[in-house]
């Protein structure tokens, strides 16, 4: 069996997506590349996560030709292989439909860098591709999805190692990294960052009326839990 | 030990609030009344839920005088006893700071009856009290909280058995029922109803632009999972 | 006992709704049909999910007449049987009050196809019925609920196999499929799709101000975790 | 080994943040101070929570000089030590990127006191610092973060014991307390308070249209579950 340790790493990256709540049923897929051998290891399509074993992973070349494996590879294979061909430094790719990153993709909005959690991982906005044309959708669709990601990075002068994720408009996020573990980690953090960006943007829009409770109520509740006249809880011995 | 089975029922109601995610730390309390004996059983104040035993419950009369128990009763006792005195048909009271019901209380908004889930339990809006005056807050505050609930029901002609909950403005919900189990159940459903009302109201305000993806993308994705040319997943045997 | 394997499949579909967090207490119900025998298997009304056994399922004919079973069937039975009579290809029906699909139903809004997750399962918007008239509500209400669904599909020229779900205005969703497992799966995905549609619509409305942090902060945080001068974590061996 | 019981308390405070869902991966850190000895105990940087042991904690003096320990301390150490030097009554500091408190920090908004849950813990708004200047970010950044917190408290005349938390603009919250347990508890409650404040503010902005279901539907659903003609569930024995 080829690439035993990469198979294990790719399987574990797939399972990390499950452990962190990023996938429902069989949505989502992770792959890894062996640059020396020019081989890609990817999750098979539509197999339950709790049944996946390293030997179920599918091995293909960098153009998606199956080299080892009896199962059909993930239907998103051609996006993964294009990213490996175009982004020379990446070692693994993860695709999910995680809730908040997908919501930004559906809204056609990049995720702006609103805080340091974002800045710890993404050195600028997480971009969103242009919508795919009808011709692209009706043509070699999965390949075209990869082209849209690459076009976005090239046209914006983005370094895929400094911004290791992209939202596909109307679809969902792809994330990547040097290793399968790092790609999954980046996908998990992307979802957390998207969630907080959602909260921040909706809060900014709606926070005009921030009038609080009365000073009397503030005093009453604070003082019944704090200070010498506190009455909450049991007497301290 | 007085009222063994009521103690057990009140303890289980308190624990149901924990099981359903309505309480954080020691927030929240449940009580029950024995109408024949004129006695109330209530959770002690500030004791960890995982350490509570039936014998820790505090027994008081209908005016809050302790009849049995060495622990200090819940700091909200006087609201509970007032509700028992004023609402003759109720057998148990539950108070929580559950997230969405509390958010409506903080916003000073009643929960409107937006769907059948609400209608299955509450025969009209779940009302919100008037804000307490500074004098009421600085006076017999916990008693005044009960008075605000009763005033709301009396002035609006509401039947506490048909609408078994009330939001206290700037504070949080109280719910009740014929039994401790029913009161906790009503508090749990109130939170679910509040959560869906929140979603419904924010959705109505924001749903103006519902333009979807292109027909080409809709076709491509639907048809790769359905029909004779589907390519997702493994070949069916 | 009639229809042993269908009973088991219907029970498992009911339990899948619990496993995926779509039901609270006894809300929700699933049924399946045996077309050859003209018999429907449905969950009994108001029985705790953790006590349900295959033999508790109720068997009725296609007009809801009980053929086998001692328990009262789900109160939504007449909606299920009408759907079986009108939609010839469906084999199972699921009804839930899942949070986000119900929120769209309460808002009276169809779920627009905002992304490929939606398109993978629903070949167009998930429609919402017209509100039921007072006469329909006061009449044969559960049957009328089914009529409202069928009317929506007929008047809009929708294929129930291409759009396997409908929201009932002011109420909640129904979903269906060829098998009990597929119907439950569709209900679970419907909830995920509704959740992301909610996020997308509220985000579009509120995302006007997307100003991010300063470039200095972006640099500082990114560079303390990445590159040769990174200081986060332990020294790599 | 120095400060055994403080090490255990600090470790437990770190783990409480994990138990309550406030941290993802290795985000977040807690420390405690021994005032008599002038020593600080803090979590090491970037070590998995499930591998942390009391002996992994790092001991420094009040200016961050390592006194005991082989691991690198949390990268936020200089903020912790500054807070200990400036706020004489605090005994522990906690830093997280918890979702909703961080969202307020990212929005640059203080958390207003919207209800009694807030008032039970924070005697006024939870403030947000001014954004750090580029010079501060490019200078002694972690120290400057602490200065921004202290500046906010000094300029607003706030008592750090009455408002035991602060949001750092564009970053995330810091919370503190007399003990490590109390600091973690305050951080957990801060997140709950932030979550409800988010809901309250967005609800206030969006709740204009609260029209409910028809009276007929309200009656139908309420009465099928309540009263003498109820038909839901099984016959009561």
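Letters are used for the chains, namely A, B, C and D, taken in the order the chains are written, and counting of residues starts over at 1 for each.
FYI, contacts are C-beta pairs under 8 Å (C-beta built on N, C-alpha and C of every residue); 3 or more make two chains touch, one makes a residue touch a chain.
Everything quoted here is computed from the prediction, not taken from an experiment.
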item	value
Where chain C and chain D overlap in contact partners, by chain label	A, B
Homomeric contact chain A-chain D: same or different residue positions, threshold half	different
Farthest chain relative to chain D (centres taken as mean CA coordinates)	C
Chain A onto chain C, rotation angle from CA fit, given as a multiple of 5 degrees	90
Distance from the mean Cα position of chain C to that of chain B, given in whole angstrom	25
Shared interface positions of chain A, touching two or more other chains	114-116, 170, 202, 204-206, 213, 217, 219-220, 224, 232
Parts of chain A lying in touch with chain C, wherever the complex brings them together	24-25, 27, 97, 99-100, 102-107, 109-110, 112-116, 118-125, 162, 170-172, 198, 201-202, 204-206
Chain B-facing residues of chain A, complex	26, 44-47, 71-72, 75, 131-132, 134, 137-138, 141, 170, 213-214, 216-217, 219-220, 224, 231-235
Touch list for chain D against partner chain B, complex	114-117, 185, 188-189, 192, 195-197, 199-200, 202-213, 217-222, 224-226, 232
